[in-house]
């Protein structure tokens, strides 16, 4: 099974839109819906049992058929969904319902688990840090890839939107002959794939944590309107993350409640473990949400505080000098009969006033705890 | 089946009101309640089975009766509900309960699914972009049309408030002899109709997405009180959209739980597919709601920020010039004994003061990070 | 059955208080609790079956006993609860549990449905627009009347706090010999009464809608502190409305789930219809609640905007004139050696400065988008 | 049974703290936890059946044992829990589980209902107005007393923290030979006690209502920072009230669902009545909570409004006089060549300006709706 | 069993991060995940039955095996998890599932209860005041330690992250031969351990209470931006506390619903008691959360109030002196024809004006309730 580095590609930010492309088509129409992540597709195959392992290079779907006769487990990974014929042919040869194929190709699915007569269908989102987008606006950005899993008796199909090395560690474990995955069935392989995808989220949460810490620090040292934009950007990513993650709870509890023969008794404990991880991830995102709303409160308050600071300065300046200016104005009047103007000590006395008034006012402001 | 372009018409904005028109009438009174969308009604009929297809022009309800003997599926679409006699006659000939007829005509129903002995009754809202209203106030406006579906053994009735081409793509698929809808029963036709109505919402969500993006951009570049009004207008439309969409979740899970003979085992998977779409739509509207509340937070903060900007300017101006004006005032006083007035270097010295004081203040404000 | 116009009366605003009047009394103590709405009571009776109808004038409870022998349906409506002996006697002759009688007289009940061995007890709130209170403070005010319904085998009792024409349309339908209510049992009559009370709420919602619209218009044209008070007053009425309406959902689903013999199979569809109406009313009040909170947001923002406007004016005035005043102050100083004072072109030059400085500042403010 | 007036006592405000006093002790350790309300304890006993009544003065727990042989109902009320030996002995003689005894003495329990083999244990909070605390800070203060009820076959024990006349009306009803309580069992007595405690809350709600009304009035006439503190104080009391009351809902529905032999069929209707009261109380507190949050909104807005008022005054003053002062300043300059200074009509003309400019500005502000 | 004082150590603040350390490893990989609290591990053992007690010093896991033959209860407490071999060996000898071992070592678990065939697994958080962190920033800081409990037939294992004297009181009770724990099985010991951990939270809540009180006092006397930071810091700790405590409710109700043979009928009442405590703790944290949000409201309002105060001062000063300065300015003009300048009483008259104008303005402000 060949898994290569992520190729360089142009990337449009994942959006909620584009969901209406298929409007008016009959159900089961096989058209790729979503941002096209890869121009070409690649099929990787790994076929193994307790003792043997094979990683054939496969060009056409028909080459997969020969593995149906073998007793071994065959994992087929399709990366890049634009070329819909491959999915269509897999559906044709392995008798997958048209609606399931439609869901595989429409990359706006809500994560779910479907039990069919001869196979299970799992669709979920693989979340990864979008480092390209992050480097552009210097912020936290998440890339949501739809991953579909078909679990048949001896086959497991995974459908990914893009080519990357997500499954590489798992492939390497399979190559190692002693791994548990070599001794157990397609159910354990399915678990291992799910675990891989779910555990990836912890990485995301760590990055999220760092970003929130950075924003918080900025907020306490030098809050500005960019801080608010940063908070809102993280909040928005969090909304999307929650949309991708929350349904996993339901998905995994459906798997555990299911009485399908395709998942054995012994594997249930493993799915429960993934379920635990999902719970932890969900609760952590809930905590981050509350933290962000706390940061927003601090931001709003810090803006008010800054205003108060400014107002104090203005008030102190104005309140001290306005009365003094008035006094100076009095003795700037040109009346003929103003006896003070003739007195010898007037000017020194007025300077005493000029010094005393501000001192009194400053003491007053000190008492009011403004200075 | 004839489906024409939407005729030009005067349009009153859909409101929550007018619900009380029937107050005090006996239950089952057949009076049209709601804004009248069409003055005249039109009955369209399409009758088909695996091999044959007929689209007779029908003027009276009685002409429909002859299709009862045929084994084919008959889809009757009534557009325009003002002329209540048509609905009354359909109710009479096809034995529909008066309360159901009342619900068809009262266009303020909450979406629901009702199982009756010989038929199913589904009522829901068809949401479409109201481009007329949008062009008036340049904002996002949604038109909520009530659509009722009666599913009998060999008949499907749809009742729409207005004439449009919503069902056109489905009609064209039926005309194509190979379509799946030609081979399956009224349950699949019902699914196809529901799918059509539900999928229309994706279009709406795309438009909503664009509107929110536009508002967001305005908010970050030039927030003003119109931005707030725009946010509130979208928020209000969202409230209405959610009122129309949320009950669909319950509606479709009732359909799936139902054990009526009118929906076959094989069709259940299709209704589950619509259910998925409804879940996705509901969650997307939830996300938009959170986004809007985030935008509101940004708006409020940006207003405060603007105030801070203004206050800073005022404070800097006032704080610099008020002390200087006072100094100038001192030497504007007319005391006879003011020795400085006679000194030769007084005036240059005072200019040094006039230059030094602002520089010090500006440095002070720089240190306070105001400039 | 005689139903008269509402008599003029003094009206204390309905409050949450007065609930503690009976403190320390044994359970089942028959004392009227609540604001007394009517000084005297009136018993109205209508006795009917498919063919016959009788509306006897009744003065004492004992006169009702003769209708127990007849097979017809007897509807007894008691208006005005202050005279507790009537309720007590009805309880005595028709074997009603003391706790039920207590609940009828204590007009602070939460709407509920109780199944007893020989009768059903329904208590709910009839909401109507309080036009008297509305005319005083020019605002939206709702009057909450407690209505109790006792459903026996051949009898239906309704207990109302005040005399009005709420049931008049229903009475007139009964008088009309062909009405469905004449052909069905006490269960259908109960439904018709409930429907009457519930449908009244639509009227209320329409009025609420108008009030919110009026407030919204004022908010966008000329927001002032009265607008805020109006919003809060509507919000408060909405809290009360929700308290009266929300329990109806539970009440009606209890009726539907109940297996009492007093409600026949055929009537269930009618109660489901009322249930639908209750759902619609509840959701509509939820929408109004969200709208009001949106209006509050607009109000708060508009107050901030107004402040910004005021601050801009002040800042522009002060920023333009304060430097000019300082310049004038310079040349108002009385130093002997100020060469500019002697120059011939000083005064024209200073005027050029007086004109140039404001122009520059205005251009600066224009650039900042303040003017 | 002797019930005396509440003795004067020093009173520490009930707090959430002091819950950790027993940390590290073995479960079932009998130590009084909580603020000590009474230094000494008092045992009151009333023993009765349909025909007889006895109110013996009891000094020791052993004296109670003789009532075990009698068929009558014995109600033992212990007031003051500091002396733990009494509770310990009751536990010993009547075979109460140590954990129950611990809960009786630890007065920080969450209200609950526990079914044991031979007895029922109910613990709840009796809420009363704390008039002493109220008189100190002139505000609404609630006193939370823990009341435990043990229901045995022929015995009912009540444990109260302090001596007061809460149960006096019930005792007097018992003394009256005709009361229902004399004819029914310990279950009805338990109901009567619960009803007494729950009904007390209505009194509280009335007082709360008055306090909220007072705050609201102050808010509309003269809002100040004390108003805010008053709102927050009520809000905080409401949090505590809800903590004491909310679990009662669960408690009473457990009682109704329970199939213990200690509560007879006939008494269930009475517990349902208390349940209704609890629902009403809970919903009322919910309403108060919403009202308080509305009051907070008004407060915040009124502070902003006040600021606007102040800013207007300042802006009008400054905007009118600043330009005039500048004009006066111009002609205060000492340039030799200022032709206006010599003109005869300069001074009258300048006065025309001094009058015209403010008039124009005032008209401008009037147009802006500021004056 | 040896339990020592907490050793001095460097302490990194517990964070949400570091959860992704194991990414890509096969499930069941035994690596310690989390902040390392102790460099070295310590095994303490206490083996007891009704009559005997032994506290052997144990260096290797193998030494534990001999206790398997004995009928006594053996409690093994491992403190310090960095040395993963110990946990691995315990897992090996006592047949613990690798996923359970993984959870013991990964200290980011969500509290949960797992029933396995031969043992129970409980993992929860022990919360304690972090006095070191508290002394640094003078604030409330909580230390979250993960504690795992394995309940086997005759063995109880506890795994703690750090060495402290948390279990010391329980150990001392065991040493005392008469304690209940000596007479009952591993289920009671498990209860006693849980109770110890849960009761520790009451201490935390008391400290939280004190901190909130302190913040509240500061808020009412002298609110500043540090107060806001303090509120937010407590809020954040509360988020973490709730994350640790909320799952305990579910954990303990799972224990009660469980039908494992490892927990006897007689012990269930004890677990119900811990459940009660957890409910109380959860509700108390909910209350604190509401209180904190109330404090935030007060803070925001007090900042606005302060601004109002400042603005009033400024407005009063400016409004009084600006008109006076203008008047002085008038008579500072140098026009030749200004008759007032020559009048003898001009100067006294102008002083009357200077005194009268401020008095009038002050009266006006008094009327407006500003002074």
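Just so it is clear, A, B, C, D and E label the chains in written order, and each chain counts residues from 1 on its own.
Here, a contact is a pair of C-beta atoms (placed from the backbone, for glycine too) under 8 Å apart; a residue touches a chain by one contact, two chains touch by 3 or more.
Here's who's who by UniProt: A, B, C, D, E = Magnesium transport protein CorA.
Remember, it's a predicted structure, so these values are computed and weren't measured experimentally.
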| item | value |
| --- | --- |
| Interface residue identity across copies chain C, chain D - same or different by half | different |
| Euclidean distance of C-alpha centroids - chain B vs chain D, Å | 44 |
| Where chain E touches two or more other chains, by residue | 300, 304, 307, 311, 314, 318, 322, 325, 329, 332-334, 338 |
| Topology of the chain contact graph, where touching chains are joined (line, ring, star, complete, other) | ring |
| Residues of chain A that touch chain E when the two form their complex | 169-170, 173, 179-181, 191-192, 195-196, 199-200, 202-203, 205-206, 209-210, 220, 269-270, 272-273, 276, 279-280, 283-284, 287-288, 290-291, 294, 297-298, 300-302, 304-305, 307-308, 311-312, 314-315, 318-319, 322-323, 325-326, 329-330, 332-338, 368-370 |
| Chain B partner contacts - residues on chain A that touch it in the complex | 15-20, 22-28, 97, 99, 103, 108-110, 112, 114, 222, 225, 228-229, 232, 235-236, 239-240, 243, 296, 299-300, 303-304, 306-307, 309-311, 313-314, 317-318, 321-322, 324-325, 328-329, 331-334, 338, 340-344, 346-347, 350, 354 |
